[in-house]
Amino acid sequence: MNISEIKSKIESALPGVSVKIVSQSLLVEKPGNLTRVVRYLKDSPEFRMDYLASVTGADYLDYLESVYHLYSMAKKTGPIVLRVRVRRDEPKIPSLARIYRGAEFQEREAYDLFGILYENHPDLRRLFLWEGFEGFPLRKDYLQEDSEILEAEDIQWLEEHGIPIPEDIRKQAHELKQQGLRALAQKPTKESGV
Amino acid sequence: MDEKTVTVQDTNPMDTETLEVNFGPQHPSTHGVFRMNIVLDGETIVSVKPVMGYLHRNHEQIAENLTYAAVMPYTDRLDYFNSMANNFGYALAVEKLARIEVPERAQYIRVIMAELTRLVNHVSVIGFLLNDLGAFFTPVLYAFREREKILDIFEAISGSRMMCNYFRFGGVKRDVSDADLEQIRKIVQKFPAFLDEFEALLTKNEILCMRCQNVGVLPPDLAVNASITGPVLRASGVNYDIRKVDRYSIYERFSFRIPLGDKGDVYDRYYVRILEMRESVKILEQALKGIRPGEFIHPKSTSFLKLPRNFKPPVGEAYGRVESPKGELGYYLVSDGTPQPWRYHVRSPSLINLTVLEDLCVGHKVADAIIILGSIDIILGELDR
Amino acid sequence: MEYLDQLFVFAKRLMLDLLARFLPDWIVLVASMVISIVAILIFAPLTMMYLTLLERKVVGRIQNRIGPNRVGKFGLLQPIADGIKMLTKEDIVPFQADPVLHFLAPVIIVMPALLIFAVIPFGRGMTAVDLNIGILYFIAVSSISTIAIFMASWGSRNKFSLLGGMRTVAQMISYEVPMVLSVVPVILVAETLSTNAIIEAQSAGWFVWTPWGLAGFLIFFLCAVAECNRSPFDIPEAESEIVAGFHTEYSGIKFALFYMAEFISVFAVSALAVTLFLGGWKGPWLPSWLWFLLKAYALIGVMFWFRGTLPRFRVDQLMGLAWKFLLPLALINIFVVGFWYFSPGLWKWVGSLGILGPSFWIFTKLNRSYVPENRVYRLAEDENNETVGA
Amino acid sequence: MGAISTNNRVGSAILHGRNCVPTLKDVMAFLETLIKIAVYAVMAVTIVAAIGVVTLHNLFHSALALVGVLLGIAGVYLALQADFLAGIQVLIYVGAVMTLVIYAIMLTQRLGDKNIPQTNRQGFAAAIVTLLLLYLLIGTVCRTPWLANPPARHIPASALDLGQALMTTYVFPFEAISVILIAALIGAIVIAKKEREP
Amino acid sequence: MIFGSGIIRGMFVTLKNFATSYFRKPDEGGLFTVEYPEKRIPLKERFRSFPFLVYDGTPENLRCTACDICARECPPKCIYVVRAADQDGRPLRRPAAFTIDYSVCMNCGMCEEVCPFDSIFMDHEFEIASQDRYRELVYTLTKLLKSNEYFNNIRPRDAQAVDKKRREAEEKKKLAAAQAAKPKLDEPPKPV
């Protein structure tokens, strides 16, 4: 079954849902429709997509995306790749964790690293990073702390532990603090490393 | 006052207090820095919350800042017990993305390496499971005795025992000499005898049966729904092996069977792994018979070996997956036409197989939680990434 | 020969004689006690030290390793190195622990282990105190160690310790019952509680060569292994589950004391099993004490062999084994010994085996959950499936 | 063998068993004092431990003190030459009963707390019972016809005597206790079963 | 099956291994461990530990041209190269500094693969433990340089292949140079 047939089947079975073909995958235009599409693919005897292999996010600068790879264990077919795009400032996607238990950790991971909010998820917490971590590291605009530059708090900690700090480093940290900046590393952009 | 009387009536005087215990991050049986937050009623488990991330290094972000070729050694570190399988998955994904062909000899070498890795993994997992069961290192050391022989081969072929970094896009890094093949043949020949000895030690052992049978039963529908893959899925009786389903590489040339479990408990997970090793031995025998001299890497790909930065897959995306010993190991790659991947994602079986940990453990004893975790077979390098 | 056999007895007598030449009688009396006590106090820790080495060597060989080999020839000085290490290690007391109990527990746990040695007949005429309630004394004293383990587990204020403590107690109480009952046939036949008299009663043949003796020996030995917290019954200190059980929070010399108590009781229960069922120090050609030690070490070797081979039970299965399997068997064994005592000639054998065999079979059938299930595995080709059993 | 002479009686008594009793008076006197001191010490420790049982603030500590009391009583039995009884005392009370008591404390109280407080809501009732017991004991002591000159040496009651007594003279109480214990056993099983079913 | 027979069977397996450990060979059930500092397993030729730089003859005559490819392709970025310059500031084809942080290096062998001048190779030396990871484990040029003989010694097959390749390239270069030197002569170049 090729991708356009799947598209037309979904659209005819679910009136009001529109999907678009994007590089051999189906883009569900409205995030709210995702659960309906997935339920249809899972339950309809033609597809029986009972196995959600992979859930992941991606950052395309203009929007965030969540990508789903569906397979059928019963019919040994697949994959059908679904994708949903949301605005960066309001990344809300319905969770699939109630349909597929397998989405539970993967959605938590995508939330952790991309900040995509999966609505209705039973337990949406950070998975790898600790609670209170600032930012979402896999977004392309995420800035890391620069390990080469010390901040005032670091110096304070080091001095409490009896480590002498050279004057110029102390001065640099002081300046940074006065400017209200943090020591963030410039993220290497594409090709910049070449 | 009223509240108090109500509570007094509600609580059974025989009820005991629950005890919250953190198993890990420093604990002998969590297979690394992993934490299980277990609430106990006596010895019975009320709830389990896995806490992970102690080994998180943002593997995906590291990879997105590297060239495609430079990611290969990092994949070794995912599941550090089977680096060859990780290499295989990544190579498949990139080859799918850039539409690279792989010559026949390279395919054979890849299959041989992948199946040897499966032997290494399964044999040591069973050893560790027995350690969790309380055997004093004997099964582990018997397993390691065999594992060492295979690691010697890996060292001779790839240069490293565990971090092999052996696969390249379009083939493998170096050719395998006839002497090495002969050595592999010898190991493969002796392996069934070792398995027989291993089974004599374990399979019918009453204590092992007592401990493992009907513990941590995973029903097949839950297994499928929770995206469980690998031996854990097949122990529940679901016939799904990516080697058969996707027929990737040259697996369709070999005749082998997929062992399926009976009840889906810890014992089945143990025994399915034993049977899988026997099937792997069959594949290895056929592959060693079928391997012919030829190119070990596609000539078109050799140019990228020296200049990784010139390797720019066309814009697009690919999802490559292999049947790693732990389950479905998938790599999702998005290329924007530059030498570095725009998006690189690892679908790690260790993490996703852990989804059902709580379902399997609740109602069992503390000791069972440990062996259930052991039977799921996690590797923290891959779980935390 | 005679001289070798009585070597230690003569040595003690010689010393006492020497003392008696210059000193008043009461000093000789005290000296006699002191000599016995000192001998035990030297022998017990030495045994423990070299048992640790022996265990590591045996398990190493089972696992195709060499075992300790760095300190001294064949690692013979390893226990001393370990001892020095233990002594010089920092003694850590957890922040909120109960300091008194935390300190007392390792001291108290060694006591019963050492006290047991008083009634062990190491050779002909080599019992420190020939109590007429020897066996009862052994059982009573060894039950005290539970209290020490409790103190350690509660005093450490660690959840793993607590779990370990609870497991220990459940296990100790459960296994004491079949253990005592498995000794009853021996007492019935020997008509005494004294260890020496029991050995004398085995002049005609070791008790283990009778059906009830064999059954009793097996039950006793299994329970003894459980009483010492040895594999496969080592759930109180199951390292893969509860780290180290009741001694999780102990370091240095206190930890060494726990270790010592464990190994001393390993020796003590083996010695008792030898006394009760394997004819004690009786045996041809060799001196009596050598026979005794050989038999005891053989049993200890079996314990190490268990450790090298078997996984451990789960806590409920452990209890089940004691209450649903060993206890009824031990009770039936008491009937069997009665039958043996009163019936003539060949009937003894036929009848005893006729009772013991079927009852063993019935109990395995009754405890179905402990008997391995047969499993059928499908081997899926693409279409046609094949099955194998396991 | 003959070379080693056994010329003193104490030594030979030790070496050749108990049936040869040493007659030297000073040795006996010395030993007697030693044993007396030891017995009084054990009694004193028992009483101190008993006071500890009721006064210690920590329930766990008082349970341990109770262990001390029971061990002390076993020591007293030993001094009264009832060694079988002493052995049974240690085995049953220290080895089994106290272990279960401590086990129950650990199971039911809050384990996380550092102090398991000893609470007593039935002080009044306890006082009445104690007074009754005291009255009973005093009465018994007063009524017993103490011998003015007890025989110098008791024949210790052996396990054989005890067994015979239990099977003949005291067979009825013995069986009654057995029945009660079995009833308790069954009751315990019933209670434990109930918890699981609903 | 009698209850307990499986345990007894397992016991015999361990007993067999206990006995065979005294007289069998390592791969037949004998002792398989090696008493490490005294006895060693021979390293495989392709074994790779950490990178080193090859020189021909004398340390001055090193092959590295400071092209910086290895530093750029190094996955964990543990190589730092500074190109040498002459007095006028013109870059030379040799490194002024070549530093590898062994504590960061992950032994992947990427540098060896990408090096266009056959200069950097993976070593067999793995016992580099030291007390100070900041000073002792940062290897500078002097510590990294090892002779071609050493390379031939540890990895004969690879080294010979490299030497052969270099010889051929050298000869080709010579030939080309010879051709370039006498373009005026009309006699055709001799076949080699």
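Going by the order they are written in, the chains are A, B, C, D and E; count residues from 1 in each one.
The rule is short, and it goes like this: a residue touches a chain if its C-beta (ideal position, glycine included) is under 8 Å from a C-beta of that chain, and two chains touch if they have at least 3 such contacts.
Note that the structure is a prediction, hence the values are computed from the model and not measured.
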Connected chain clusters in the absence of chain B: A | C, D, E
Common touching chains of chain E and chain A: B
Minimal step count in the chain contact network, chain A to chain C: 2
Chain nearest the global centroid, as defined over all protein CA atoms shown: B
Chain whose Cα centroid lies at the greatest distance from that of chain D: E
Cα-centroid distance, chain C relative to chain E, in whole angstrom: 56
Chain D-chain E separation of Cα centroids, rounded to whole Å: 77
Separation of mean Cα positions, chain C and chain B [Å, integer]: 42
Euclidean distance of C-alpha centroids - chain B vs chain E, Å: 30
Per-residue overlap in chain E, given as positions that touch at least 2 other chains: 1, 3, 6-7, 10, 13-14, 17, 32, 72
Multi-partner residues of chain C (each touching 2 or more other chains): 62-65, 162, 166, 308-310, 370-372
Touching two or more other chains - residue numbers and ranges from chain A: 193-194
Complex contacts: residues of chain E adjacent to chain C: 1-3, 6-7, 10-11, 13-15, 17-18, 20-22, 29-33, 35
Of all residues in chain B, those that touch chain A in their complex: 52-53, 56, 58, 60-61, 64-65, 222, 224-228, 238, 240, 245, 309, 316-317, 319, 321, 328, 330, 332, 334, 336, 338-340, 342-343, 345, 347, 351-352, 354-356, 384-385
Residue numbers on chain E that touch chain B, as the complex places them: 1, 3-7, 9-10, 12-14, 17, 27, 32, 41, 44-48, 72-75, 106-110, 113-114, 116, 122
Residues on chain A engaged by chain B in the complex (per definition of touch): 23, 25, 50-54, 56, 58-59, 67, 69, 73, 76, 79, 81, 100-106, 109, 113, 126-130, 137-138, 188, 190-191, 193-194
Complex interface listing, chain B residues touching chain E: 66-67, 69-74, 76-77, 138, 142, 145, 148-149, 152, 155-160, 163, 165, 173-174, 190, 197, 200-209, 305-309
